[in-house]
Structures are given as structure tokens and as C-alpha cells.
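You will see subunit A twice below: alongside subunit B first, and alongside subunit C after that.
What follows is the complex of A and B.
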């Protein structure tokens, strides 16, 4: 055979191979959106079996060659890689295509923690997962808006692009206590998810008490207890009053009630009283009682009042306020 | 023979029944102070309080009911769940007419053995030696209404139909604010304090893992009754975790794991701890003594005292506990005592006492 003959034979072989390859591929777009139906034209006569293998299931259907194969949108809900196969006799026509998520239509929102002290930087975290209408994670970048607002305060708002379907943010807690509305939303849609983060008062700040001697006890009472942002600490918070005198140590773990902690300590003629809430210490009061004699002592004691550690009844009692160090 | 045998049986039965009935009534008069105390306490041990009472001198000025309450407990106190297990007596002083006997008592109770030492005065009367039983005068609170309006915390958890992103109510934040590892009696002991930093109550436990030189686990233990498990907001509790038969030298580090659970709780009752002081008891040992005062209107059945001891640097050097076998009636002070090791007493600079409370019929 001549050289030209070889060239023609090779060309014919390539053309045949190309024809065969073309004939085995179904006419389906390479990429579809989730929930998007399509139709596949077929040729020839007789029957065949159509398979659609997707990430969420497999469909098998008998078809008549020559009629179009219709795939409903419901059958391509799940995003991912699909393989369509048309099997007729010994021949298989196949096509690999991809279904991508549709338009963003849903959010899942994780907000932590559910309770946070006020005025803490980066204390609140939010993670939003963006999905399309068929709960496929949106892999392309989508802006997500986060907003944190407490009643009577301006909301803090920020927009974050989602990466691989996830957008996250860390935000500082506000200065006011209350139920903060933490909202994640998709701009230009009505999609939003709301979580509630309870902003609570932090540690007590400037804890201060005063003492008043009664007939049988010394009544100690704090000023309204607030954190450093001015929020009242919640009722039920433990406040420890400690009295030290010659008879020993007396302690009461009082509970804050209506913003104030109050307790009764044993009456003493010379005592030091301190107050603490958790690891926060308050002021200290020294009480020295210059005994007026037996007669009328009880009545005199009952009238004693101490304010800011200073006796207010003309100096018969002596109380001194002082700053204190760490908790022992 | 056929008649004699039943008659003999009947007579024998009557005699035995009579013996069994009458025999306990025949009290052996105590012939010594020691015997009087022993006889009394042996009958308490056998829960025969009526017979035990007959060893008590009339000069004690105590009635049988008060004596019964003293040795058998009342108001659902720990003593009501206890029984006298062991008695050891020692005559401290004896003359022809009176004596003093020290009785070391071991009570078995729901929370383990409880040790008690009583110095009992004994007097000689016509019917033999009798014990002067000290009557503990307990103040009776006049009938009154004590308004209690402390809050309680209830919890609503997330519903089953919430989406997976919806947050639940979270457990309280707790923090170990101090920790110290010591070795004592061949045991490694982890001591410290933990604070509920949150605004809600929590049920708290502390786990500790000892890590050896090679980084492997040497042992894992948790705090049991050496801490207050229910912590209200900003409440601080001591904890003590014992690792028996361990050497501190073989420990490279300690991994601490505080666990907290959100639980419903009540801010009531408030128990004041008054006049805490370190004293020496009759045996010459150091004890931390004081009085507990229940400031609420509800009886606290079983008070559990936790004592934290600090050195001059403010470090926790020991944590010990004791159960009071008397219930805390409202507004009535009840004494308590916690044993302190004599070696420890030398380094203790300060201490703090807190009280756990167990109340029956809580929702009354």
C-alpha cells in the first residue's frame, strides 16, 4: 500500500472513532442548577433503559427510542455529580454532568453563647450556613448580614461574605444587659434567622456596704450592686459578709434581692466587717464600740448607724472604712 | 406419761416467756462510774432507750422524750439515720460519790462513721451509779410566719421540633480560681476553689487526672463530698480530690476538668456561720468550732460543713468536712466542730466555712 493509502486509512479510523464517541454521549448540558428539569432527545426505534445516578439516589426508567427522556426538576434537587446512562441492547450512551446549588434561599444559624456578660470583646460568635431552596450548601460566595441589637441600643451590624457556604463572625457583647437579638440575614431576600443572646451583668464593680447596729445584731447592707457598665447584678447572686472579732469569724452568704444584699451578723464591740461577691472584694468596715456602760447599752446600740464606715450618732461608736486586698 | 409431757411443755413455755419478759426489767445496778456509762450506752446501742434512760440520774433534769431525741435524733437529722456502733470508755476521775467518764462513740450513719467524744459525769445514788446526762437546751422559736421570697431558677430546654441550629440554654461558666497539690499520708491530694462565674446556678463537679513523667495517666479521680456541688451565681466552693497511694514526685502535671450542669435551684435557705474559731478539744486536738444559724423559715435536716484552710500566702492548704447530726431549725444556732490536724494547725493562717444543706420535703 502506498503512503497515501496509509494516511487515508488512519484518517478514516479517526473519523469513525470520533463518530462512535459522539454517538455514545447524551445531549445534556454540562452544568445545571438544582431543581432544574431537562429533556434528552433520543433517536432510533425500540426500547431502552434510562438511568440517572446522582448524589442522593438512582432513577431507572424504560424509554422509547425516538421519544425525548424528560427529567423533572424534583429529580435533580441534590447538588453534585450526576451520570446519565441510556442503555439499548449492548450499547450505552452516557453523560456526566453537574448540578450546582440554585439561588440562596435558606440559612442555618448557630449563635453562641446563649448567655454572655456585658462589654466583653469577641464574646459572641455566630456561624451561618447558606443553602439554596433544596438545602444544598451554597459554595459560591454569598454575603450574609449579621446584626446584634439590644432594646434601646443601636444595633451592631456587619456583612460577611460566606466562603464555601459558611459565614462567621465574632462580636463584642453590648454594654446593656438584656435579651440581645442576634439576626443573620441574606441581603435582598426575606431570609433571616433570629437567635437570642442573653446579655447579663458582669462582675460587681465598686462593691460597697454599710452597717447598722441593731438591738442584737449588726445589719449589713450593700448599696445597689452594679457591674462596671452600670447594670444591676441579677438577684440571687451570692454576696459574702465576713465579720472578724475576738469571738472568731462569722460569715453569711447573702443573696442579692432587688439589687441589694443584706445580712445580719452577731453584735460585736470591736469587729471588722468585709464584703465580697465571687472574687471581687468590696469595702471593709471597722467597728469599735466605746461602751457607754451597762445602762441603756442595748438602746444605744440600737440607735447606732454607720454610713460609709463612719458612725453617725456623735462618735460613740467608731467605724473606719478602708480599702482591701485580695480574697483569702 | 401422755399427760405429763404436755403439762411440762406448757410450764416450760410459761417460764421462758416470763423470763424473757421480765429479765430486761431487772437492771443490774451499776457498781462503778464506768459500768454505769457502759450499761447506758450499750442499751442505746441496742436501741433500748427506755432501759438506757433508767441509768440516768434524776438530777439530770431531763425527761425520757428529750433523752430519746438526743440519742436518736429528730427533725430528720442525720442522727435519725444513725446507730451507735461502738463505745469505748475511760475513767477520767473517780471518787466515792462521783466520777467522770470519757466515752468515745462511733456512730454508723448514712454518710459514714461519725465520731463523738462525751465527758459524762456520774454520781452515786442509793440505787447505784447514775449518769448525769447533759441536756442540750435548744431555744424554741415562737410561732411566727417567716416570709421567704428568695428566687428560684427553673429551666426550659429547647424543644424537639427546633431546627438543629437553635441554641439550648448553656451550662453555667465555672472557673477554678486556685489549686494546690500536696502529698499527705502517702496520698496525693488536689485542693482548690471553684467559682460559678455565671448568673445562673449550676451543679458542679471537678475531675482531676494525674499525668506521669512520660505523659501517661497515673489516675483519675473526682471530688465527691469535699465540695458544694450546687453553686449559686458567684458562689465559691472549695474542692478536694484524693489520689490514694500516690507520690507527688512521680506526678509531672495535673489535668483539671471542671464540669457544670444547669440545674433548677433555690436561693433559700441562707445559713450563717458564726463565731468560727480554732480551739483545742478535750483530747488536746485542734478543732474548728462555730455555730450554724439557719436564717430561713424551713428546717435544714442535714447540714454539711466544709472548711477551707489557707496559709499566710492565701493558698488553700487543706479542705475538710463534717456532718452535723442535728437538724437546723429556723433561727436556732447549732454548734459544729471540724477536726483539724495538729500539724496543719501550725500553718493555717485563715479559714472559711461554708455549709451544704440537705432538706427533706423540699417543696413543702
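What follows is the complex of A and C.
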């Protein structure tokens, strides 16, 4: 044999050896859908070990070369990156592939807060997570419908595309108090998740009180307290009455009972009484003795004079007048 | 006098030698150094990521990967508790259980993560991130390496607020972003 023949033979031997030792690639698609089984053809004779390493499991199985390796749909439920290895002796055939989520089939829905004042813009937030039937997050854009409704009022509804499996929304609370049904659903399926957001009356609106002098005290009482949508504020809401006179400040916190707050303040010769509920200020009432013939503190309540006004207009709006035991 | 000087020089040289040796050896001996995580928050919507949240995400995601590496290498599902919850925890625990059953282990050398915050929910309780991870992965059956690779893996990550930290609720590898 010529030198060239030896060289070619040696080269062929090397190529064959490298082919034998070469880690080949298994015949598996690059992407599969979750829960989709598949079959891998093998060639040769003898036995080998098949491994499938996935995000939620590892399979190790003895196989006969020449027979197909069957992977059941159960074994590819979790979406993610898989490595399949067929090991025969020192030779490995491998394949990296991905399992992607299937069809949208489930929703997780977070609704916040559970209790919200009425008529507040962007007060309610909803976040929906879209999953397939195997709890894999859907990464394709999927429309999610959100609706918010209180009984006897039209629902507010919007459809939002989920991005990477997440759809979110911020909605204004309704004008009526009550249990609002906040629902996230997947259109064209029967998948929906319901949460309840309790809508309660907002801050008091047009808070107004009246005062009445008694023998030793001044009785102050609000009109029925409602929010700006006309919902009665809940009983138990704290209303603060403050009396300012030459002796200083007297403050009484009263709870709303049946829609009205009521309190008794010390009788004073010249005082200003104000009312507030939370951050909302109401009207002010100015009290002054008429001092008929230096009647003094022991005078009857008919001798009181009142002057009131709403503080918000920067002045005392109403005229002074006399009253018989009440306010003008 | 001369003896004292030589003694001092020797002591100083030994101290320097020990210090330089310790500087190299102690980090190696340290238990599972946290993987390097770089987080970009500029693309997060609809809520802006707070400074404290940004730091917490980096710290807790890094800790979660340290826990994952430890759990997969030693087939110890208990190590996952520190950083994982929900579906991510359940899936990884199932994998570890099957690894142990089949005598398989996975050794990951974590080369770092580029994290990008994508969605930070309006009420601030969940964050979705995209992670591009550089990993050296070896799968061993007993003492045999059955698979070895350096991989750039893209993960869609969902982290949620747990008791006192952020935990990984979903860790889903995808072909790309």
C-alpha cells in the first residue's frame, strides 16, 4: 500500500472514531406544547439509558436501541427547558428543547383593597395571572375581561390583554355603597374568578351642625351625614366638635349614630364651635351672650345670640341674629 | 538588638503571608457565595420600583438561586424553602424528589443573572422579571457526568412578597424574550 493509502486509511479511521464518539442529537422538536407526548426513534443494538431532565422531574429509563423511546404527555406537563439524553456506553446523544404552555385554562386573581370608599378614581386594582391547564404561565397575549358591579347598577367592564401572562387594571369605585362583584374572566371560555370589594361611603360631604343652648351646656348635633354621592356614612364614624373660647379649647369626639353625631359642650359666654369628620371640616357656629341687663351666665337660654358661617368662604357669611334657644 | 529586629521582620513577613493566604482561601471556604445579580428597573410598569424593593429583589433572587443550586446538587428539597414558594417550589421539589429516586444530581455553577423588571403590580405585591442567566450545568448519575453544558437560559420569573422577603413563585425557562 502506498503512503497515500496509509494516510487515507488513518484519516478514515479517525473520522469513524470521532463519529462513534460524537454526541449526536436526538430527534425531538425544538418546541412542544405542555402535556404533549412524543416518541424518539433510536438506532443500533444493545441497551442504553434514557434521561429526561425537566423543570419538574427527572426520568431515567433503560431502553433497547432500535426501539422508539416514548415520553408520555404526563412527563412534559411543566413548561420550561428540558434536556433529553440517550446514553449508550460512553456515547451520549442529547437534545435541549422547550415545552411551552398550552391553552389558557385558569386564572389567579388578586383584587385590592377589600374595602374602598365610593367614587374614588383608580381606587380598585385587579391583577390576573393567566395559566394553562397545567399551571404554566401563559406567555402569549391573552385578553382578560374585568368587570366591577354593585347590585342594581350597571357594571363597569374593560378588556385588557395579558402581557407575559399578567393583566392588570385600576378602576374607579362605584357611586353606590355595597358589595361590589369584581370579576376577571377569559373571554370565550367559562373561566372566571370573582372577588368581593366592599364599597363604603366616602368622606362626609357638606358637613353641617346646629347648636342649641341648654341650662348648663350647649348641645351640638349634625344633620344626617352623607358622602358626596349621597351614601350615609357608617355608624361609628368619629365626628369631632371643637369649642374655642377665652378659656381655651374643648374637644368632644362623638360617634355617628343613625346617621347623626351629637355632643354636649360646656356653656360659654363667647365661643366658636367647629365640626370635623376626619379631614373634612364642617361649618362653624359663633356663640355670644346677649347680656341683657348683665344677665350673665345664669340667664335663660332665650338670651343667647348666635352668629354662624361656613369657614370655607373665608368670612362669616351669615348675618347675626337673635334666637330663642337655637341658632339662626 | 539584631535578633529582635530579625524576629520582628520575620513576624511581619509571616503576618503578611497569612493575610494574603487568607484573602484567597476564606472566600473559597465560604458557604455558597451568592450569585451575581444585576437588576434593571427602568422598564417596570405600572408601578415604579422603590429603592428598597430594588435592593430586596436583588438580595432575595440571589439567595433563591444559591438555595436552588444547593438543593439540586445535594437533592435537598428543604433548602428551597428559603427562596421559593407556590408553583416554583412545588415543581423544583418534585424534580429533586425524582433526582434522588434516580440517583441523579445537578451541579450548577452560577455565572450571574441579568434581571429586568417587567411588571410591578399596582398594589406592590408581585413583580414579573426577565432573567438571562449564565449557567454551567452538569447532570450526574452517580459519579458519571451524563450531561454538561454552558448555557444562557432565559427565565420568566414571578416574585411575590412572602413573610419577610420576596420569594420566587414562578421560574419558567423560555426560548427567548
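Just so we're on the same page, the second predicted complex is superposed on the first by the 239 of 328 C-alpha atoms of A that agree within 3 Å, B and C clash if a C-alpha of one lies under 4 Å from a C-alpha of the other, contacts with A are read in each partner's own complex, and residues count from 1 in each chain.
The working rule: a residue touches a chain if its C-beta (ideal position, glycine included) is under 8 Å from a C-beta of that chain, and two chains touch if they have at least 3 such contacts.
Here the structure is a predicted model, which is why all the values come from computation and not from measurement.
Contacts of A:264 after superposition on the shared chain: subunit B is touched, whereas subunit C is not. Look at A:253: by the touch rule set out above, it reaches subunit B but stays clear of subunit C. In the superposed pair of complexes, A:138 makes contact with neither subunit B nor subunit C. Once the two complexes are laid over each other on the shared chain, residue contacts for A:193 go to subunit B alone; subunit C is not touched.
Of the two partner chains placed around the shared chain by superposition, subunit C is the only one that A:170 touches, whereas subunit B remains out of contact.
In the superposition on chain A, contact of A:78 is made with subunit C only, not with subunit B. Shared-chain residue A:112: touches subunit B and subunit C both. With both structures placed on the common chain, the touch criterion links A:59 to subunit C but leaves subunit B unconnected.
Once chain A of one complex is fitted onto chain A of the other, the partner contacts of A:51 are limited to subunit C, with no touch recorded for subunit B.
For the contact definition in use here, the residues of subunit A common to its subunit B contact set and its subunit C contact set are 110, 112-113, 129. Residues 30-31, 49, 51, 53-60, 78-81, 83, 85, 87, 92, 94, 96, 98, 100, 110, 112-113, 125, 127, 129, 135-137, 139, 163-166, 168, 170 of subunit A touch subunit C in their complex.
Those residues of subunit C whose C-beta lies close enough to touch subunit A in the complex are 46, 87, 90-92, 94-95, 98-99, 102-104, 106, 118-119, 121-123, 125-126, 128, 139, 141, 146-147, 149, 151, 153, 156, 158, 170-175.
Against subunit B, in their complex, subunit A makes its touches with residues 108-115, 129, 193, 195, 200-201, 203-204, 233-240, 247-255, 257, 263-266, 277-279, 326-328. Interface residues of subunit B, counted against subunit A in their complex, comprise 149-151, 153, 163-170, 177, 195, 197-201, 232-236, 267, 270-277, 290, 295, 310, 314, 350-354.
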